[in-house]
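What follows are several structures.
Both complexes shown next keep chain A, but they swap its partner, so chain B is in the first and chain C is in the second.
After this line comes the complex of A and B, so read on.
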């Protein structure tokens, strides 16, 4: 396990030196700075009496702070789940292809590292990176609004962890694809495909109702079953962040489904990796 | 290691993958159709709906009166008020005027529970009303209050008013109305009552209170001058206008500063409540000085939030939940008016009404066991 963690740490180090990842961190920092310096919230005894950004009135309703902050956290969680995962999918798409690049892979395999350790280490490294970026953004927003309103909650942090659970399925498929086609573009495309399939799987029942009974419907029914229900997971992520109608039982099933899908993908990657001659 | 043993080592990965995909599919199957907990939402009456407009049109039952012709070129006079309840309203009020759509509330989702809550243990009263030809559950349409006068509309054609009101004095008033009165044992006059065309029942403390309303219904006085409630205000299951004075008096003990601010800043409060499923209330607080109404707006918002925080701190979850629906919003930019919205979710109301019915039934059972 120590060797796997070493591989993950090396990948993290490499990632932090890349412009894409640095850009993401700078972007998050910039958003937090803008919110921290230019967002003015009039808080009176636990109620928000108005808010201004760059001096322009955002809203003027008087509502209790927790109620006013709910939509803010929900929007942040939604952006994090979809936008953040998309960005990371692009930013991390060439980690696996570069790992398998001629010269480098031979060097790595000459070290006392087994193939599954390389695979798992790379995967865990990217997951750690996504968890770090998400936690940085979520914690930053929680701190900025916490200091400004006096309302403290861990809901956004919890919601962002669900976002990471969704991303782990995406990246498992991306990593696996690299062992078949060593291309960053193909890896990104697979990430996008899993996302689309995850959304279709979430809406399986209503979509099936629109299909004629027959082979097509049966294929669709069984074809989408293994894919994680990403849209449903996003819904729960947003609900958890907004502390509104969150269903822990359903979420546990969705997260477990996403993790099992990831392990299944990694098993295919391991099969392919073990088979491949370098 | 031989090539054959290498092959043996690889295939289990695919078996594991297949098993994992199958396990994942089994675990997640059905999750996409899992129903989410029903969200508690409140319907707020912010505007007149199509059905309400239709309902109001059907209530234009007062015959059109010929209006005196004005000078040539003068703008046409405002339309005559033809809804009996609106026509019975005064042009101004001291404390307030409110109309309750009794029949709509009776037929709302919680109507049966409300009736059970009100009439459990009141079988005698209900029976007495029915004996006098008046069924409050089916014959009553609207209940309106304007200062000291109470008005009820509905079908009173079969009602025996002297029996119902235990009236001992009756006389004709004008062409369309009868007046009834009940003498008290000490010789004083009790409640006064008037019935207009068998459609509107008017109750008041003095004969003057009743006859003033009956005169307005007969079209005496200025029929075109604006009433305290107009057709545009007639939406929701409860609507009306309140003067801040009585509200401020009620608040004075608990929050004297807010009560004083309310009296100073607000000139009137227009109210609309939707009771069709849950209870949603929209109050438009009207003032003349934008700065003062802004102070009142902030004070009200703060008071509501404090009440919510207090309820949470005391562990009173239902009160905190109800207060969480309250919102103080700006009505129009730069205006001296603002909106206050509040609500009671259906689940909360249902629980309270069931409690009310159960308690009344228990009290009734205890009373009966004592009597036996």
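After this line comes the complex of A and C, so read on.
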């Protein structure tokens, strides 16, 4: 495990020097800075009486702080789950192809490192990166709004980190694809495909009802079945962030589905990696 | 005691259409511990494939290979090997010291910053690798290969991109490593370098080991003469082998040379120069791969 963690740590260090990842971190910092410096919230007796961004009035209704913050946190969690994960998927699409690039993979394999350790280290490194970016954004927003409103909650952090479970599945498929086609573009495309299939899998039953019984319906049924239900998982992340109707039982099943899908993908990647000559 | 023992080693690469492409054909080779072995041959001869099989980066299609008494899959064995690939991919955003530390952690050996001094990168320890020249990258690769005092050094074109003075330094380091007791396997297109560092040489051609032995044995058995002619005649009919601007006579004895020269002169050729032929690795390679 020590070597796996070294591989993960090195990947993390390498990632933090990459433009895409730096861009994401700068983007999050920029949003937090704008919110911190230019968003003015008038809080009176635990209620927000008005808000201004860059001096322009946003709303002047009097709403209790926790009620006002819920939709904000839900939107933030939603953006993180879909937008952040997609950005991160593109940012990380090059890691596996780069790992397998000529001159690098030979050198790594000549070291006393197993192939599965390289695979797992790369996977864990990217997951750690996604967790760090998510935690940075969620914690930043929580702190900015916490200081401005006096309303403190870990709901956004929890909801956002839950979203990493969805990214697990996404990146497992992306990583696996690199062992078949060493291309960042193909890896990104696989990430997008899993995202789309994951959304379709969430709405499998209603979509099936619209299809004529027969081959097409059967294909759709079994075609989307292996994919984790990402839309439903996103819903639970958003609900957790907003502290609203969160269903722990369903979430556990969705997370388990995502992890099983990830393990399946990693098993294929490990099999392919072990067989492959470089 | 052998450092590398290959027996009937073969490797073929599958192709989408047609027969698999053979890269190495039934190679049997034994490299003694503590020796410096030069692997030479034209492009596509199978040299890099052989190195990859030694490191477990590729798996053989047939035969077997033992490295330091075990298989390349044995991680404990790989910890005792230092390897410099032909084009080592380096993280541009890191410093040499960071990269050295990273590899040291993976090899579970202590970080040795003096190694950077040794390869001539002492001044660049904290500079980003991204700004390095090809030669500096190659020096860093060599430092990485030397980490942990490996028992076996496998170097694929170690002086590629390094200036002439740097090559002398690299050669000195390789000789120091050999003196330390390490086995050196050198794959280089620079034959002069191979001659200066290695005591044994193997020539690969089309995946086959066509010559193998000590440098002396490979060159000594091919003594002869270099002759220049003008005029007409047919020196080839008298036993001379044509080259671009000269002829060679492969028999070392003076009597046979004079007899052949006499025949050539009778045929109308004029002898302008006769020199003893100093056979070097280039000649051996040219002959072996002809």
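Here is the rule we go by: the second predicted complex is superposed on the first by the 278 of 278 C-alpha atoms of A that agree within 3 Å, B and C clash if a C-alpha of one lies under 4 Å from a C-alpha of the other, contacts with A are read in each partner's own complex, and residues count from 1 in each chain.
Just so it is clear, contacts are C-beta pairs under 8 Å (C-beta built on N, C-alpha and C of every residue); 3 or more make two chains touch, one makes a residue touch a chain.
Owing to the predicted nature of the structure, the values given are computational and were not obtained by experimental measurement.
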{"item": "Clash or fit (per the criteria above) of chain B with chain C on chain A", "value": "fit"}
{"item": "Broader residue contact with chain A after superposition on the shared chain, chain B or chain C", "value": "B"}
{"item": "Which superposed partner A:10 touches (first chain B, second chain C, both, neither)", "value": "second"}
{"item": "Which of chain B and chain C A:218 touches, first, second, both or neither", "value": "neither"}
{"item": "Partner chain in contact with A:29 - chain B first, chain C second, else both or neither", "value": "neither"}
{"item": "Chain B versus chain C as contact partner of A:107, first or second or both or neither", "value": "second"}
{"item": "Partner chain(s) touched by A:268 [first = chain B, second = chain C, both, neither]", "value": "first"}
{"item": "Partner chain(s) touched by A:154 [first = chain B, second = chain C, both, neither]", "value": "neither"}
{"item": "Smallest separation of CA atoms, chain C relative to chain B, angstrom", "value": "8"}
{"item": "Common interface residues of chain A - those touching chain B in one complex and chain C in the other", "value": "none"}
{"item": "Chain A-touching residues of chain B, taken from the complex the two chains share", "value": "9-11, 13-14, 16-18, 20-25, 27-29, 31-34, 36-37, 39, 297-298, 300-302, 304-306, 308-309, 323-324, 327-330"}
{"item": "Chain C-facing residues of chain A, complex", "value": "3, 6-7, 10, 13-14, 17-18, 98, 101-114, 277-278"}
{"item": "Interface residues, chain C side, partner chain A - complex", "value": "13, 52, 55-59, 75-76, 78-79, 81, 83, 85-89, 91-94, 98, 102-103, 105-108, 144, 154"}
{"item": "In the complex with chain B, residue positions of chain A that touch it", "value": "44-47, 49, 60-65, 67, 201-205, 225-226, 228-229, 232, 244-245, 247, 250, 253-254, 256-257, 260-261, 263-265, 267-268, 270-271, 274-275"}
